[in-house]
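Below, chain A partners chain B and then partners chain C, in two separate complexes.
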Partner chain A sequence: MRISLAAEKKAWTLPEWLRYVLIGASFIAAWQLYVSFGGVSQLLVASPASTLQALFTDTTNGQLPGAILVSLQNLAIGMLIGISIGLLLASFSTFSRFGRYLLTALTAVFSPLPGIAILPLTILWFGLSSSAIIFVVVFGAIWPISASTDTGFRTIGTTTRMVALNLGLSRWQTVRDVFLPAALPHILSGLRLAWAFGWRTVVGAEIVFGVAGSNGGLGWYINNARYFLNPPAIFAGLVVISLLGVLLDTFFQFIEQKTVVKWGMKQAQ
Partner chain B sequence: MSKRYWPLAFLLSLLVLFVSACGNATSASSTPGTPASFTIVYQPGIGAATFVILKNQKTLDKQFPNTKIQWRIVNSGSAVREAILSNQGQLGSLGLPPFLVGWDKGMDWKVLLASSLSDSWLVSKNPRLKTLKDFGPNDKIGVVAPDAQQAIVLRKAAQDQLGDAHALDHNLVAIGSADGEQALQSGQLAAQLSGSPFQEREIAAGGHVILHTRDIFGPVGAGLIVLPQSFYNQYPAFSKTVYQDLLDVTSYVKGHHAEAAQYLEQDKASGGGGKAAQFKTLLDNPNLVYDKTPSGLIAYATFMKSIGLISKAPGSVNDLELPTVVGTGS
Partner chain C sequence: MGRQDIEPIVELSHVYLDYHNGRSQGTTIVEDVNFTIQRGEKFVIIGPSGCGKTTLIKAIGGFLQPRQGQIVVNGAPIKSPGPDRAFVFQDFEQLFAWRTVLDNIVYALQVTKQLARRAAIDKAQFYLKLVDVAEAAEKYPHMLSGGMKQRAALARALALEPDILLMDEPFGALDAITRNQLQLELNDIWQSTGVTIVLVTHSIQEAVFLGHHVMVMSSSPAQILEIVDTSQAQDLASPAFVDISAHLQSLLIRRGRNQETAQESAAQLSAVE
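Let's turn to the complex of A and B:
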């Protein structure tokens, strides 16, 4: 007697990365067709080919790398300060009733304000320097981080809290060794949100800012391309901004994979 | 693809076709030979005098009752260029460099006539800044755009005085004339190079002049009034009438400073703010020269090409001119 199982013939499906590549490729092809045959002026919409050429030219002459560095620098400094302040506010809110009222009130009043809205004010306070942009990023980052950290702290199970008390940890040790890891899923999602806001704010602020050269990031690069009637460079700048945004988000996904997903605290997406 | 998605795909492709067909079609008006609408795009300041008067006397509206005449004020020559590029405007008033940048990139616009030439000043309130050499990396200079006439003159001055045309590029801040004046007063900007009436007010508020633009390229570079070649070819009689009207209104301004000053005071957005007496003083200034013949086009183009801001220079100035002024100019 032969027991045989019919082999399950699984139909070969496209690997996921290939699907994304194909979608991207067909989008680019449609874009090229539109520019070539849609009768639109090359001064209004640049073709993928000329965008690629602008990318290459401005990367080799250092303009794009310089602009990328400046934008990332503004973002990083702003985020670091914003994260610190956000965490402090959330800790304060967890450990004191006044802190909780303060955080609720501040968040209610300030979080609806987009960073760009306070840019004219920060230009008055800090002058035409990158401090103005960094302040705006800090402002945009504090609210999501403090809100999500606060939620994270509040949802820590009683068991964990009691263990910390049992161990006789000091307040600072409690926050650092027990609360922060326990609240990590919330903190990470707050961070992810804050980075996303921060990136958009940095680019937008740099465009409004209008300051040249050493202080100019990607927003300035795009605006400069506009002044010199260089749509391929504008498109190239947009491509770079989008790619960097995707990279930043992927970075956070990676961190989540290595921490909260691995620890079973969150479903993998 | 499953059959049930065919109608959706069909609707989507219809939508795409419809959107791409929506375009910049300038429809013809009921009177043949004249456009349905005509928009004039200009910048604020003393140079707007002719446009303000043309607007208030409603000359074009009376001559072409079937054409909708519109007026738009924008902050810089680059903005004028964008308006014309996206067909939001037909006639533009701007400096030589933004016109040349547009021409270099393939826009089909040409010079209808030149407008006026005046002296712009680099003004600072900081006593430490007396010459271009005194500018450090943190001293910001306000110009309306990095490719504006003032910015190009600054680069020529940097080349002459500092040996490098791009020496001050990192100091430039793109800011409108009115906002720049505020920024200079509050100390945000170390200096500003714009025009009248902004620079006179800055001097009155305690500033001093570091350089005069008339000293850099010489007495050339009158502002340009431009029109797309395709528009001129489509409506030659209309364009010639506009040309003649602009000449007439320029003569009027030359002969009626007090009235022109009144118009400029009333139209704050165009004049840039100020009293009629102040505008009259500006109009009386012999440095303000009205000239319909374009000048300085070759000089500016050669310079801009030499520092890499444009890729080609015109063979002759006629390449840049409409039949109204062709054969003249430099």
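Let's turn to the complex of A and C:
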């Protein structure tokens, strides 16, 4: 239930989705007008029409889908490893004093480092391969996930813990069946944070790889487009990166709806 | 009341309990307590707020160990919590929020009794009917009222078919009407299951109405003032009920450690009537 302070009676207003569509449409219209009549060079700013054209061409010739697949694959593998390590660290920190000091120290030292800053190092270690990118994503995901999971575990109520004890659960059952679901609101916000870092990192890392990358992702795709002086493709790449970001965020919101919101552990937004 | 076989199920001898706060030495909360609870009885612990009655029932539950003395359940000293002593808390948040009411019970049965899912569901539904929450089986706990949550928690505890049902002010946060309703139903449930019940409360009316024995405790460090036989005083209108209630009231107020506690208990008591 949401408590609204707004007046009871409301005049009819535009539905929410329509407002977003209108904002988007006017933005695109302004963009097209600027390119058509602003006298700007087509080599600096691509028009919406040519961007759409590039989107269509590179989708049908398989370039964009391929790049999307590579980027998402790097992100997914990195996130999976990062989540596993993050959850392990948080569990370790919950059940042992040494673990707590370890996690606090590691988080303090490593979480301020932008993932992209360790890319030169991972390139040295792994060469120009996707392993170098995945390592960076893992590194970026561990800290927000372990920190939020740790907070989630720590804020589990005494009664919940006592119920777990009363049922005589093993340590593994306690973590899997009580701690993880009880901490899920925190874990999910950590995940959203982690993937947002991860997505930016993946694209950034792929740009650094530049033309040297043989099977590049979206970052490589836009950098490649710059190399071939193809602004419509750069814009198309940016649109795709942004849309995928929106899509992934919607996906996490959907998961929250289906879990913590449904269970009354978090208010609907 | 008809207890045929007198057989002790819980025995406390010279039990001292400490409250630990971080690294401090710990303060004594319960001091040299000795009593026995018989199998199949309803045993009520009553005392002023903060006197240590919750600590005591937690110790019987195995959540904390005595500094000194022994707590024996079913002939063996207890070492840890376990489903043979099912706990019902005052806190409404004792059901797992991420499982439906039915699933809460099914899960408890699966992990404690290794029941197959089908058998666990059947048993869960039986106990949900017994405590009259069958219609809420598929709901998540946050959709239920406080009274319904406590019923569901009671159903989960009963489904474990424990030797002892430990209840720590289970109706303490409910409104008076729901509370009276649940007291009546708890009596019916005891009639049909015969489970041993240990109940902590600060309501004299609840204690006399539900208990066979009422153990009155002093304020901290808690000691036993008296164990009163209330088995003949369960009819609210009977003279015995009034007499015993008055006796408990005088015990609780007279023995308060200081004037403030006495006044607080007096205020509580008048609020109860």
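Keep this in mind: the second predicted complex is superposed on the first by the 254 of 269 C-alpha atoms of A that agree within 3 Å, B and C clash if a C-alpha of one lies under 4 Å from a C-alpha of the other, contacts with A are read in each partner's own complex, and residues count from 1 in each chain.
One rule holds for everything that comes next: contacts are C-beta pairs under 8 Å (C-beta built on N, C-alpha and C of every residue); 3 or more make two chains touch, one makes a residue touch a chain.
These numbers were taken from a predicted model, which means no experiment stands behind them.
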| item | value |
| --- | --- |
| Joint occupancy of chain A by chain B and chain C, clash or fit | fit |
| First, second, both or neither for A:I207, with chain B first and chain C second | neither |
| First, second, both or neither for A:L43, with chain B first and chain C second | first |
| Vertex chain A angle, Cα centres of chain C and chain B, expressed to the nearest 10 degrees | 160 |
| Touched partner set for A:L124, first chain B, second chain C, both or neither | first |
| First (chain B), second (chain C), both or neither touched by A:L169 | second |
| After fitting on chain A: smallest Cα gap, chain B-chain C, Å | 43 |
| Footprint of chain A on chain C - complex, ascending | 61-63, 80-83, 85-87, 89, 91, 93-94, 96-98, 107-108, 111-112, 140-143 |
| Touch list for chain A against partner chain C, complex | 157, 159-160, 162-163, 165-169, 173, 177-178, 181-182, 184, 259, 262-265 |
| Touch list for chain A against partner chain B, complex | 34, 38-44, 123-124, 127-129, 210-215, 223-224, 226-230 |
| Residue ranges of chain B in contact with chain A within the complex | 20, 23, 78, 81-82, 85-86, 101-102, 104-107, 137-138, 140, 145-147, 169-175, 183, 186-189, 309 |
